[in-house]
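By letter and in written order, the chains are A, B, C and D; residue numbering begins at 1 in each of them.
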Amino acid sequence: MDHLATTTFPRLLLAHAAARPEAAALREKEYGIWQTLSWRELAVLVRDLAHGLAAAGLGAGQHLVVIGENRPRLYASMLAAQSLGAIPVPLYQDAVATEFVFPINNAEIAFAVVEDQEQVDKLLEIREQCPGLARIWYDDPRGLRKYEEPGLAALDMLREEGRRHAAVHPAYVEERIATARADDVAALFFTSGTTGNPKGVVHTHASLIDRARAGQRFDRLTEREEVLAYLPLAWIGQNIFSYAQWLAVGYVVNCPESASTVEIDLKEIGPTYYFAPPRVFEGLLTKVMIRMEDASAPKRWLFERCMALARRVGPALMDGKPVGTADRLKYALGNALIYGPLRNTLGLSRVRVAYTAGEAIGPDLFSFYRSIGINLKQLYGSTETAVFVCLQPDDQARSDTVGVPIEGVELRLADGGEIFIRSPGLLKGYYKNEAATAEVLDGEGWFRTGDAGFIDGDGHLKIIDRAKDVGRMRCGAMFAPKYVENKLKFFPYIKEAVAFGDGREQVCAFVNIDFDAVGNWAERHNLPYAGYTDLAAKPEVYELIVECVRQVNADLARDALLAGSQISRFLILHKELDADDGELTRTRKVRRGAIADKYGVLIDALYGGLASQYIETAVKFEDGRSGMVAADLRIVDMEMTA
Amino acid sequence: MAFFIETLIGGLMAGMLYSLIALGFVLIYKASGVFNFAQGAMVLFAALAMARFAEWIPQWVPALANPIVANVLAFALALGVMVLVAIAVEKLALSRLVNQEGITLLMATLGFTYFLDGLGQTLFGNDIYKIDVGMPKDPVIVAESLFQGGILISKEDLYSALIATVLVALLALFFQKTATGRALRAVADDHQAAQSIGIPLSTIWIIVWSVAGFVALVAGVIWGSKLGVQFSLSLVALKALPVVILGGLTSIPGAIVGGLVIGVGEKLSEIYIGPMLGGGIEIWFAYVLALLFLLVRPQGLFGEKIIDRV
Amino acid sequence: MFYREAGQFKSTYRADQQILPIRQDRVAMALLLLTAFVIVPLTAPEYLLRAILVPFLILSLAALGLNILVGYCGQISLGTGAFMAVGAYAAYNAQARIEGLPLIVSLLLGGACATVVGVIFGVPSLRIRGLYLAVATLAAQFFVDWAALRLRFVTNGSESGSVSVSGLHVFGLPIESPASKYLLCLSFAVVFALLAKNLVRSGIGREWMAMRDMDVAAAVIGIRPVHAKLTAFAVSAFIVGVAGGLWGFVHLGAWEPAAFNIDRSFQLLFMVIIGGLGSISGGFLGAAFIVLLPIALERLPQLLHLPVSTAMSSHLTSMVFGVLIVFFLIVEPHGLARLWATAKEKLRLWPFPH
Amino acid sequence: MRRVGEVILDVRNISVQFGGVKALSDISFDVREHEIRAIIGPNGAGKSSMLNCINGVYQPSEGAITFRGQTFRHMNSRQVAQMGVARTFQNLALFKGMSVLDNIMTGRNLHMRRNLLWQALRWGPAEREEIAQREKVERIIDFLEIQAYRKTPVGRLPYGLQKRVDLGRALAMEPQVLLLDEPMAGMNVEEKQDMCRFILDVNEEFGTTIVLIEHDMGVVMDISDRVVVLDYGRKIGDGAPDEVRANPDVIRAYLGTQH
């Protein structure tokens, strides 16, 4: 265990390559089958690329930007960079070009490895703004043959270069790997902060690997796990699960064939260790329900019976609580008839450990997966903490807590509920931003999470909201917008919600309908509509949402602390809140401030007591074109439960 | 020489009967795109009905003991039965099989065959029955002046050939001249189009199958009175198949000419080639003849040519 | 419902292209074969083996062959009985004329002769299409019937084409007991089914199907109609011929041309249509249906204790048979194999409807 | 970059008749290597018949076709295919009973050498060959972005995707000349854009010469190097898009009817 303190990712790679050279390291569905890369082959690939990068002039401490879907050769490029003591900087592949400018300049990035033509085009588009960016290598040459840009080349060329360089300096990379130190910087993650420029979070090999190991021990992960990597590598979550832990534990990471085939690929691979933010689980559940709608009556009856049973006994069984024999038998039957097949068609039948994190998950949603026998749990952590802070033990999964602090973590709650953390996994600092670093890291190494919460009866941490967002209403009552918004979002028909109320006498909210769910609902009640804006404005749809809000209010009323936060007025937005329009972060967190500025007129209307308000909004479409959507939004008054 | 001409005439007369049955195939195929293998079964069924009714009617109503009356009534009844069959076929099967593959339809008609064979023998018994419509059995001798010993012709064959000719002519007229006939042709050319201009498909099909039933009845009577009504009658249809493809599935003149060609070819081959091969070749000769001919002209004598459009 | 496919991923084309890619299917097939090869021979009563399973297997084999021609290559043939006859008589001649020729070899020789005849009668298919071809193939049927009846050398001199065989051995083992006959037929059926499956999932099979689905397009991508059609006739006739040999040698023992008459051809056509055109399992399903149906129908009156004369019952049987055929064509024109496929699809998606 | 080369396909005075009816009369034009050559004209102008002559579906009554210096009076489909001419069809001519994968695999049949017995045993060489071809086909599936439908029966695919499979089958032949018969007929805007991209990519990445029949004038003018205009089986125009657009006969016969 002593080498733990001293190891680095490249060394882990070499260790695997030495210990189990022919074992699968990475699989990618390509050309119809799962093309497998063994640890040995991977090590060779990494070495070649490292030599290539060295030849190209990438040195220790320099940065290499990596943009693209999960692709084995992008993983290899990151390892190659680390082999040279350089620092990979993964960026979100779905970001628009301008969002690359800050990170690239901020980290003086000269080298980029990207997936395909799409990413190349984006980088070329911002080349003037980023004069430093000298070399760009691409993985997939499709459509790039006729490009003749200086410094643009295929990854194969880089590998060729590497082979030549290796011929001249055979031991170069090995030496670099050997001399690297565990507390060298391993990676730089840009957090799409809810306001202002993104901040570069600096992590060392030690911090990432320590947390990866901690998580491994907590869930007893083995090298036999299968993981499907389909979320952006730039997101610390995916990065920890499919990179840090992959190298720490040595299991197999599988890359889907294309975005359009993720579901098929998920089913084929049947991962044993699965990680996804709540919205993914939500999407899955919605699909399940929609597909069951068209099932024959008897089948639906059976399904509902089984689900009712599952809701009753499923979670208890998962938590290992005592359950009557009769129920056990019934559940076994249900498992044969529904739960098993369902897990299978979802591709989750082999899941041993599944995590959700990033935002609160709805109780129904959460218990659905547990009740059909999927060991879904929650964890608490952030980019700055290398994810693993609190995890839920297998038999203590709750929808409203985020688990217990795991090994190495110290937790402190300031008055006002803000959470402070100390752990070996903390960031080294924000890149070239002492001010920001000082804000979050104090002298004794305590990290200010900015979240507000408390420890509940059985030692689980419970999160209410961002500490800074927890406000007070005019009447002095506590106001936790996120808490309210989440309660709204737990309804399948509501995709996003934004609640206002800090310093006001009442709470008002914007609601974003879920186009799929509501659209499907509309079709079933044969209600014709022309697109999102039209559907959102339908009186019937308003009825639907009013019902949801009424329930939320009733719910809030029960909790003395939050009774004041009941929603008095709301409106349904005419467009989907979208990261491309700066309304959400890349991880789909609501950008409260941005929205408040953008839709000020609507807020005024809500508080000004108007019955409706006209608004025009500029939108960006997928293909980069932009246009306007306009609508006259109706505002609804809700009665509050006392 | 005389012998040759005798054979020739014999062939021609047999050929007319083939044409008659072939016509049954062509009618149905034109109108409903069904290659009706049940034609043979229909012949047997019709003949059985005819034979048995002619036998039963005097027993039921002694007043009608007169053979002519009995035969006429029996014929009418048998015809009625065939119409019922046509209706049943359309309502119960065809209307539910529209736009199926040709092969599937062909299989369906084989289904009819089994059914009709079973039904016929259940209703009318499975012995050998005879039909006596007063066909003269004695032969005539003609053209003695021309040939030594003259040419011997069976009156029976002659009459049957005549009947067949008349019938064929009538049907041809019916097809070319009457409104129904034109409707039938329209349907044959294009089902959808025909329906869209308001030609009731099901009625048309019932008519066609009834006509085919009628043809089958006549053929059954003629053959029945010659060979007696028995199961082997249904095999007569197999003889007509080469006629159909030789003439072209969709062509009435084809059926007629084809019938004559096959009839003559069969007889001549049996007499001039048969002995060399050990006899009994007529069963396959017709087919081989048709086959060889198709190699030259795949769509038969008068069938439409198929052009590939891509 | 029983499928658990998650985690069954393929990392080689070999694995991806195997006949049964899903593990559960492979297990089921293994069990099926085990039952067929071990349990049935040990437990099944003689009557079942002799009167039902042996004919079922042989006809399945013939239907398999016919399906290659009709179902995969789209060439209708009404002359199947003839090819069976050729196989049977050729094999008989081989046995009779060549001293001590192994049974299997004779049967395969029979198949080879059938192939030759099949190709000869397949030549017209290059010019003639659809129903014209169907009728034309009857030429083969009647010609062979006649030849077997009249041509001495075909029957090795025996009168009116009636011949008989006895004392069959395979690898020194006597083929006398129903069980041994059953096992022999089963082995043939299984081996040929496997070979046929390999063919239809290879280049040649794709040629056939291309010919069937869109011959012009097939020609444009370089497929030769001659090659595609004649190979289909050849392969089909070979399998049918071997089946014919088995029918004569193993099932009948003594036979005359009537055993392979036009009704046999129709019966086989029924099997492939009802079983399912263009599927290997179709032949077996269809054969099962056509073999069992009449037996069931004949049994019915006895079971219900109805006083029906044998003649009458045979008439009723053929009536009901006819009705069922038509009914079946109406409800499932694509055959039992399609039914099976859809059922399987449903099971895989369960509990979802689609 | 694409460089247009020598004449690869030369059609001289071709005439075609169907029982008296003249489908084509005395058509001549040439196709240069690596170019995109469009054939336009109103319905029934004989465009498809022209292609059918080139790959031997129809036999011209007069005239000759020269391909890579070899001159033929009658083309033979297989020979044409072997010489490297592939073709897609106006109204889909896919093999309905087969999966996307198998449809495209048929395009590789010319390259399969193993005989029947090997295939029946599907062992050793036969299997290796099958897999080698599968690899090639998978590249095409990837190129056309239809991975998600690999094993779907083509009949179940939407029209636009079926068109792609048709193209895939042609590409599988690794043709030097690709004849496209209205590849965008009946497609919506996005589908057309995709198809255009594919056609251009094929032309640029594999340097394939393309003969294109298309109704969408916008597309034709955008992507083709030279255009032949047919009307009632006669050639009424030939040249660069702009020349053709300016040609009065063409305007009268064709563009006039368009807008």
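A few comments on the model shown:
Throughout what follows, contacts are C-beta pairs under 8 Å (C-beta built on N, C-alpha and C of every residue); 3 or more make two chains touch, one makes a residue touch a chain.
Everything quoted here is computed from the prediction, not taken from an experiment.
Interface comparison, A-C versus A-D: the higher number of contacting C-beta pairs is recorded for A-C.
Placing every chain at the mean of its C-alpha atoms, the farthest one from chain A is found to be B. Centroid to centroid, with C-alpha atoms defining each point, chain A and chain C lie 58 Å apart.
Per-chain Cα centroids separate chain B from chain D by 50 Å.
Averaging Cα coordinates per chain places chain B and chain C 33 Å apart.
Among the residues of chain C, those in touch with two or more other chains are 13, 216-217, 220. Counting partner chains per residue, chain A has residues 32 touching two or more of them. Shown for chain D are the residues that touch two or more other chains, namely 57, 89, 93, 134-135. Interface residues of chain C facing chain A in the complex, by the touch rule stated above, are 1, 3-13, 15-16, 349-354. Of all residues in chain A, those touching chain D in their complex are 30-32, 142-143, 145-146, 257-258, 260-261, 264. For chain D in complex with chain A, the residues that touch the partner chain are 1, 101, 134-135, 138-139, 141-143, 145, 147-148, 150, 201, 204-205.
Residues 27, 32-36, 226, 267-270, 288, 291-292, 294-296, 299, 302-303, 337-338, 340-350 of chain A touch chain C in their complex. Residues 55-57, 77-78, 80-82, 86-87, 89, 93-98, 102, 105-110, 112, 114, 116, 119-122, 126-127, 130-131, 133-135, 169-170, 173 of chain D touch chain C in their complex.
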